[in-house]
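Each in structure tokens, the structures are laid out below.
Shared chain: chain A. Partners: chain B in the first complex, chain C in the second.
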Partner chain A sequence: MAIYIKGKGNISPQQTWGDSPLLETPVLANGNRFACVEPDYTQFMDVRQLRRMSRILKMGVASGSMALKDAGITVPDGIITGTSYGCLEDTGIFLSKMISNVEHALNPTPFIQSTHNTIGSQIALLLQCQGYNQTYTQRAFSFENALLDALMELQETPAQYFLVGAADEITDTSHAIQQRFGIFTDEHHAGAINGEGVAYFVLSGEKSSQDKVSIHSLATFYNADETALNNGVHQFLADANLKAADIDLLLMGTQGDASEEAVLQSTAGSLFPSSAKGHFKHLSGEYPTATAFAVWLAARMIETQTVPESVSIGKANRPLQRVLIFNSYFGKYHSLILLEAC
Partner chain B sequence: MEQLMADLKKQIIEALNLKHLKPEDIGDDQPLFVEGLGLDSIDALELIVLLQQHYNIKLANPQDGPQIFKSVKTIAEYIRANQPS
Partner chain C sequence: MAGTGIISAIGNSVSETLAAFQAQCSGIGHITLFDSVHKNVLPVGEVKLSNEGLCDTLWMPAHTSRTALLGIYAAREAVKASKVDIKRWRTGVISATTVGGMDRTENFFIDYLADNTKGKLRNVLHHECGMSTELIADDLGVNGFISTINTACSSSVNAIALGSRLIKHNQLDVVIAGGTDALSKFTLNGFNSLMILDQQPCRPFDASRAGLNLGEGAAFVVLVSDRVLEAEKIKASAYVNGYANTNDAYHQTASSPEGRGSFGAMQKALAMSGLSPQDIDYINLHGTGTLNNDLSEGTAIARLYGDRYPRLSSTKAFTGHTLGASGGIEAVFSVMAIREQCVFPNLRFETPIPEVGIVPQKSFESGITVNHVMSNSFGFGGNCSSIIFSKN
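This part shows the complex of A and B:
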């Protein structure tokens, strides 16, 4: 069963909001940290609402608003969010105050807003949306699980509109801790850039004449070796009644990372010899919910029937009917998400 | 009292992140909640913490909150009456 993308909003290290053409001027990371290009949030909410929000909440509310506006929807039937890190900035403030104030006189705001489900709740509060609201937090499968939930919900009741997305942020503290662990710095992770981003989509099970892109299916593979991954990809294609040659573009989530590159490249090369290939993590950076950026990118590429030079490895030589996102998060979490033109 | 109220206004703006306001925008008797500055229940908790952090005053009875936090002036009066010497 397919679900249809009715609207999308994306705040990422690239200029992905507003009217500019798709990746017209790609931003390249300077160093091993890639921060989002953020809009003026007063376009999306009142300054009195903004004052209490951390950066990830502002990004979540803004990208959710963009998606709803794009879809022409005021209040969705439900909100589903995937986030691995949750609201790190508020978590960091709360924990730091615990230490500095010796567990006394702690400010309530960072505590209240430190939980993972604050992003989806904040959007619901502002929209007065009392429908289904769920947050998934399973590391690098958080967005995939949010999407799976949407697929299942919309399969049961197609005539609904769900706001589905993912959000993860970098803070100075999280970046320092990750570097201390050797992530983004040591020889096994050389080439990976720490990234962040928030992307929301309005999805429905009902097709309309304006729809251009659908999400067809998805699969996740935890800790799979090359054989298991190969078998998994074969099964995924068989379940979708497709052959590898039906995939017009394979959008790969590798980041020049020695620990993951080999398996994914080898699987992609051997299983999809005739498909054009592209990369996205040099544009988004590496973070657990980077596949939400990839879904936005794949949808935009299908809509516009263009593969930006900054994405492709060699020119795509046929129309983009199907784009398969093949992601790897440090070689441990692999996922496939198939998008199709309507 | 004047100095205390001026300090309080700055502290309230900082604690509640009211960046769109300057201290002189807040009247001494202006209501802080609902129709005044539009503060809400989470702000009330922040004000309780502010009293504790800056003036070492712990609100003995939370039921007194609405009366104490009515305006900058009522907070200043409460501080004067309850600040440890």
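This part shows the complex of A and C:
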């Protein structure tokens, strides 16, 4: 079972929308916090709508529109979104007002737009899409859960087009709190950079001659130690009828902090000795739904049959038939997503 | 479905809940859990256990979010009742919540706003929705699969539907699915700013209804495959027979006048189950008590049934609207209706909504035939879900 990528839209700390070649000029983080390179939103919605939307909603609607346009679809059959933090900006606004106004005279708009499903439902509302609508919020499995849902839906009824994506934002408050937790502080986590991004994909179970990339399968491992993860990877490959050597590129979600990713590094090294390796979180930053950025990157690499210098660690000297994304989120969440060239 | 667990304003277990229904005893009352300017003004449906009481009973650390505590409480009851050895199988936990650890975050924010180096970090540790699910899964010793859904007030119906699909697709054998939401000042003020909270105990589906009362609670069901049922030598208390998820795509908070999303959800769930509308013996309505929801949902029911609708009621006059937990709580009520062959009253109903004329169930009634129950859950963002439970 595979599902086919029909369209992509990605707003990230890199220039990932528009016509520029893949990661032509990589943007480096300034300090320990990345910010998305945002498009001119007036091309996606009118000024009146824009005024009411928070940044994550604008990014969500815009990247959704990009994916649909790329796929040549106007209204999808369903919309599935993953977001760990939801709409933090509006949550913070409503909380602050509630406290400073002592629960009096509150504007309901930030409350309405604070729930996690606002992103997916705002897209549905603008498109008048009455189909399946789902939002997952399981920290670093939020996007994986969304993809799994799409895999099952499209396996049952292949001839559908689903808009599937993920969104997470950084706000000043979330960054300040995470730093107080000791995450993304330069002193302790030299390599980990706080990241954000919104990416949507149009996926279908029906193959067409123009398709270049499919998503084959995925797996999530919660609280897995090295043995459990090793077994999980073996099982994943066996279920896909593959050997480790069939993976041309292993795209690793290492965040740059050795203590948090030791299990990923050692599993990747011992299980995939002959695969080329790449990484992406120095480009996206670390955030719970960073694997959506990785799927975009893997798909672009397969399409163009190139591994940008900024991604590659160790040379990839063979055609990219299969890219396996192997993610770790603070050692507690691990996931695998397998993409194949069509 | 092999087991159910529940905690809400009307009881801390399945048996207490049934007793409250039989006694027609509502759980709506004054706010006691936190200080608010709305205390003694806006009634709510509180779980009758403090955080300290919950932590003591569950042996959980004092900083645990109330959302997680309620979830653990109900999930443990469900697993125990199921008699399934969950460690033996590929087991998953799928929870649903809309506020996550907000009950603690809102306290953190008071100090943080004054000085952003202040505020106890342990109070934001459980903020993310997915954290409450981690705590539930860790408590049960489950690490096979975890997921959290937040589609506002329809969340936990979607959690149960996802669990059923994962079993159907042979990804899992056992799923503990449901939802949990604690009362918080954040949601109380949010709904109050929308002017949809009734200052009186709510009157769902009544012509005089004037809004909803917020509630809190958690409920989980244990879903198992046929193989598990056989191997564990247990009997199913009910079956998940159909479900559907649609979007009203009308307005961010209001439902369309014709109830197109809710109509679609009911119709598609029926189609999946292979049942006709007349096969349904009882409908557990979403029935929040707001002018908009009840008219829209009532219109959708009238479109589906005309005048020949089955017994139906909203149980939110008992529990309040428990947001992300409501689909799970009402799923447990649905299973209870099937197991006990009973239906629950729509408390405080007097006069039908003139536009639709629907008269809900007025009293607790047992000794009737309940083979198929449909439960509705609709939410902000136009998210509409319906699910059907059957006896066989």
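We adopt the following convention: the second predicted complex is superposed on the first by the 337 of 342 C-alpha atoms of A that agree within 3 Å, B and C clash if a C-alpha of one lies under 4 Å from a C-alpha of the other, contacts with A are read in each partner's own complex, and residues count from 1 in each chain.
The rule we apply is simple: a residue touches a chain if its C-beta (ideal position, glycine included) is under 8 Å from a C-beta of that chain, and two chains touch if they have at least 3 such contacts.
Here the structure is a predicted model, which is why all the values come from computation and not from measurement.
Visitor: Just checking: does A:V47 make contact with chain B only, chain C only, both, or neither of them? Give me first, second, both or neither.
Guide: first
Visitor: If you count the residues of chain A that each partner touches, which comes out higher, chain B or chain C?
Guide: C
Visitor: Tell me the contact category for A:I177 with respect to chain B and chain C: first, second, both or neither.
Guide: After superposition on chain A, A:I177 lies in contact with chain C alone.
Visitor: One more residue to check, A:I112. First (chain B), second (chain C), both or neither?
Guide: In the superposition, A:I112 contacts both chain B and chain C.
Visitor: Regarding the shared-chain residue A:D90, is it in contact with chain B (first), chain C (second), both, or neither?
Guide: Once the two structures are laid over each other on A, A:D90 reaches no partner at all.
Visitor: Does chain B (first) or chain C (second) touch A:E196, or do both, or does neither?
Guide: In the superposition, A:E196 touches no partner, neither chain B nor chain C.
Visitor: For chain A, give the residues common to its interface with chain B and its interface with chain C.
Guide: Residues common to the chain A contacts of chain C and of chain B are 104, 106-108, 112, listed in rising order.
Visitor: Considering only the defined contacts, which chain A positions touch chain B in the complex?
Guide: 47-48, 51-52, 101, 104-109, 112
Visitor: Please output the residues of chain B touching chain A within their complex, sorted ascending.
Guide: Going by the criterion above, the answer is residues 15-20, 38, 42, 45-46, 49, 52-53.
Visitor: What does chain A use to touch chain C in their complex?
Guide: Within the complex, chain A touches chain C at residues 79, 84-86, 94-96, 98-100, 102-104, 106-108, 111-118, 120-122, 124-125, 127-139, 141-142, 145, 148-149, 152, 155, 173, 176-177, 180-181, 220, 222-224, 228.
Visitor: Taking the complex as given, what residues does chain C use to touch chain A?
Guide: Within the complex, chain C touches chain A at residues 36-38, 98, 105-106, 109-110, 112-113, 116-117, 121, 124, 128-131, 133-134, 137-138, 143-152, 158, 162, 165-166, 169, 171, 185-186, 189-190, 192-194, 245-253, 260-261, 264, 379-383.
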